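Below, chain A partners chain B and then partners chain C, in two separate complexes.
Our next item is the complex of A and B:
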């Protein structure tokens, strides 16, 4: 009797949870196999349709640019900053200040970050143009949000601003596990900055870096909020990332079936990323 | 005793000063814009401080535009979701950490919960929209509460699991040996020990739900169920933007989680990495 207590406690929430998650997913599969208007079963038609939908591929390309751009900048920037601060700043209060400073952007709602970005990038009244003109770098306004390149830069900058601190903080915390003696010994033996990183510090960061990259990859891959309020997918469709394109199909054109088919693709990519993480962590973490 | 300052230290300080400006100025600019009358916003060049500071944009948004209702919706939805989420999370985390369940079961369950963290919202919201509409729950807070509960669970369960592992089993065992029941040991002995941890978990999951945008954007249509971020978005994307009011709602939306999380600062990084990072940096 006692033996069953944990399972009895776990069962109700898990069943409710499963019905709230698994049922919609199955529902999605069923949607994707139908014609939404008629409800008629159409097999893999919606999936085949994706293959000659140029807008889908354009959106995929835009997402790839966004994901790789943010991922590279955030990981390289965050890691470099963590190494710099770890090796040079010793004072405890300075480190606490850095921690607090970097916590703020991470907890700012993306929608508020979108508001801030609007105030910065908007033409004529945007503070960035004013500053650049003041310094003399530009003569006429840059229309940040209406040129494909600068619009992409703007939406990436918001993500980097919010989440590079996350990479920094995780790497920085990981570096605290490196024994000071080992690092000192390596330094005395003449190891330069790069070799110190490669042979002494990197082993402590490896699994954390993987974790951070999976988190950032899956989050940027599904980006929606700040892009929706900053560019709305524009100009044209240059920042129309997958989630925005799916939103358009599902809730502007009301083709839930086609959107469901595409969303299963999004789910598949995310699941692959997660399985990499869980397999790796399963090996690393012994309970 | 003072060591010579290395060029790297100078570089580090310089970088940190630049970053501090890059991080604080945008917030400063939003708050200042929210405190300016609209004519001042259009003045060129813009001033660093409002000349005639006013809280009019805040009042106008909250009362004239009726955003107070959206604030209430957000509070109701988030608080309900957090409370439900914590109970459910405890029902999962407690048995998993306090009973001798098989390792495979524990791992499988916790891993499945973790996988929900990576579930893309767009994948859920498409079928959910159809289901909710057929049930007549479109544009109701209930559907948001359900989703917010589900999406707060990964974090809540993993946080509680971490906290439970830190409380030594012996404390409860002593009570159990003394003849107390499981219920007594849980409510009178374990829960008081966990009070700060529960508060931190609640604060962090609340902030996440508070920031949520996509579900509310798609599943609500009127002030009956619209949350505050929807109000923010509608001021940003309208044809003619009222800039100081937009900045005011942005400020309100940002201030709530920032204040809450400065309060729970020690747990934020641990929570967001699901325990991979143990303590604050």
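Our next item is the complex of A and C:
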């Protein structure tokens, strides 16, 4: 009996995991190897089709722009904000107020964020154009959601607004681990802002930054909600990211087999990214 | 003594059965506790909700409405149909769903099951829309040999027509008139625009562009589902839509949906545009939000160069799923809700009617000034989305490229060529041809 006890104890979570993750995954693999209408086995046809699908590559390009844009802005911006607050705000209540303000975007549902942003970016009465006109920066409305470049900017900006605070909070928590006396000693020795960061603070943040990048990469790669509300993938297909294209294939074209193949591709990319970053992360932690 | 009690019990039971049948009405099974109806969440059910208490008072059967957002409703219905579940006794379905529901035989035929008789007061297109296989146009492979039946009857008589500021311009009959009107009043510096486009990607821009495309004599499919979109007429239509009409439209219309279009009209910033009935009652003729109440005229969708008017139909249909355990009562409800007697209270309660007698009623037209345009559009007859369950894919493909052309990302020529190629590829994969 004693021999079986550990197995019995881990059985419930393993069963839950199997039914919620492993079975759907295997079903998805099986679906990707079949014809979506007849159910007949077609081997790797659905994967090969992706290589011959210009819309797929267009969505991949758009996703790459979106992921790299959001990742760079969120990590650099979040880190800069954390350093700014860490170095300039000393009062406890002021810091609490900053945390609370930064929590608001994170708890806003992405759909609501999309709707609000749609109102902000709308031409003629959208608050952004009105403000820019009032301060004399523009004379005619910028068509934020109708031009390819500005539409990409608009969808990235919503992600940045929502999730840069997450990077800020993690980095800020990391900065609290920096020993005050070490930082003070560095200052006394003449270390300026950049050198203080590079040699004293950054070593404490390195592993956290990698962790944040793993989370943000996987999240931005799967982005859907606010983009669907804001641009619906338009104009044309310029903001039709992989997740939106996948939705189109699955729920408009009803080609579940091809959608399954594409979703496995998404899984593969995020898994590779996750494992690469995890390896670095592991190295950082062990150091 | 015991025998006497048993006799009395049998007698009481007999009386109970007889009276319950009498209450139910001749030929009707005993009343169900309730009828469960799947409906779309939104303004489409306003009229239905207004008349439901009357049904419950008259018939003594409760109707429970289960509301779902548009995309969820379709998924819920398909899931219930696939399981042949008795979840719903009634449903309302968007008319482009009919090809899927009809070809899968998920609905109860109203004619052969209950002997439904057609009514001259109802526009023939309403019956065409609820029939499967479709009585005109191309029929999906394998469906042509099936016996045609009527599976659904319109509840919401939605049809797209045209609105214009009657205080500023005259009623346009052709696209040429629309452009002349737009030229006359267009003044972006005010700002006031000659025409407003609902141009957002996908369904919005296709609802807007299809009446233009078809009025120019172009088609998406021939009678064998071969794609004939790549034609001079289609390129001319898209050029007209994305260049001429857009030049009189507010900036940024490539991202406009129905709400933005109605807002431009209601705030007095645009003179002309397409419209669906619900936008009129909810926004442009609603005194609490509109500045142009009483200033709008309504007419048939403008004719193209060949003189063809092509209003687009988008009815919501009442039907009975095969899994329902209360089919007879559900049918009774359909008869009652679509009857001539209920059509006026339905319209007064905010519903979109579909009967000639109400749409052409002079008194009703005073209250609802767009009813005549609706009647003209339903009589035209209006165009419907090609009767294939692949329509959503076709709409997504065409909607992406038309939107790209409207935003200036693709030329009209490129957009039509790419859309035609992708639609053909999709139809091939869907098994319509090799």
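The criterion applied here is as follows: the second predicted complex is superposed on the first by the 263 of 287 C-alpha atoms of A that agree within 3 Å, B and C clash if a C-alpha of one lies under 4 Å from a C-alpha of the other, contacts with A are read in each partner's own complex, and residues count from 1 in each chain.
In this section, a residue touches a chain if its C-beta (ideal position, glycine included) is under 8 Å from a C-beta of that chain, and two chains touch if they have at least 3 such contacts.
The structure displayed is predicted, hence computed values, not measured ones.
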Message = Do chain B and chain C fit side by side on chain A in the superposed arrangement, or is it a clash?
response = clash
Task = With both structures superposed, pick whichever of chain B and chain C touches the larger number of chain A residues.
result = B
Ask   = So, does A:9 touch the first partner chain B, the second partner chain C, both, or neither?
value = first
Ask   = Who does A:112 touch here: chain B (first), chain C (second), both, or neither?
value = first
Request  = Would you sort A:253 into first (chain B), second (chain C), both or neither based on which partner it touches?
outcome  = second
Inquiry  = I'd like to know which partner A:147 touches here: chain B for first, chain C for second, both or neither.
reply    = second
Query = First (chain B), second (chain C), both or neither: which does A:232 touch?
reply = both
Task = Return first, second, both or neither, reflecting whether A:139 touches chain B, chain C, both chains, or no partner chain.
result = neither
Message = Looking at A:27 after the superposition, I want to know if it touches chain B, chain C, both of them or none. Which is it: first, second, both, neither?
response = first
Request  = Would you mind listing the overlap between the chain B footprint and the chain C footprint on chain A?
outcome  = 232, 251
Query = Which residues, counting only chain A, touch chain B once they are in their complex?
reply = 5-7, 9-10, 12-14, 16-17, 20-21, 23-25, 27-28, 31, 81, 84-85, 87-89, 95, 98-112, 114-116, 118-120, 125, 127, 130, 134, 161, 166, 169-170, 172-174, 176, 207-208, 211-212, 214-215, 218, 221-222, 224-225, 228-229, 232, 242-243, 246-247, 250-251, 256, 259-260, 263-264, 266-267, 270-271, 273-274, 278, 281-282, 287
Ask   = Of all residues in chain C, which touch chain A in the complex?
value = 71, 191, 200-202, 250-255, 260, 269, 389, 392-393, 395-396, 400-401, 403-404, 406-407, 409-410, 422, 426, 429-431
Key: Sites on chain B touched by chain A in the complex   = 6, 8-9, 11-13, 15-16, 19-20, 22-24, 26-27, 29-30, 33, 41-42, 44-46, 88, 91-92, 94-96, 98-99, 101, 103, 106-107, 109, 111, 114-116, 118-124, 126-131, 146, 150, 153, 182, 207, 210-211, 213-214, 217-218, 229, 232-233, 236-237, 241, 243, 246-247, 249-251, 253-254, 257-258, 260-262, 265, 268-269, 272-273, 276-281
Chain A residues touching chain C - in the complex, by the definition given at the top = 37, 55, 122-124, 140-141, 143-148, 231-238, 240, 248, 251-255
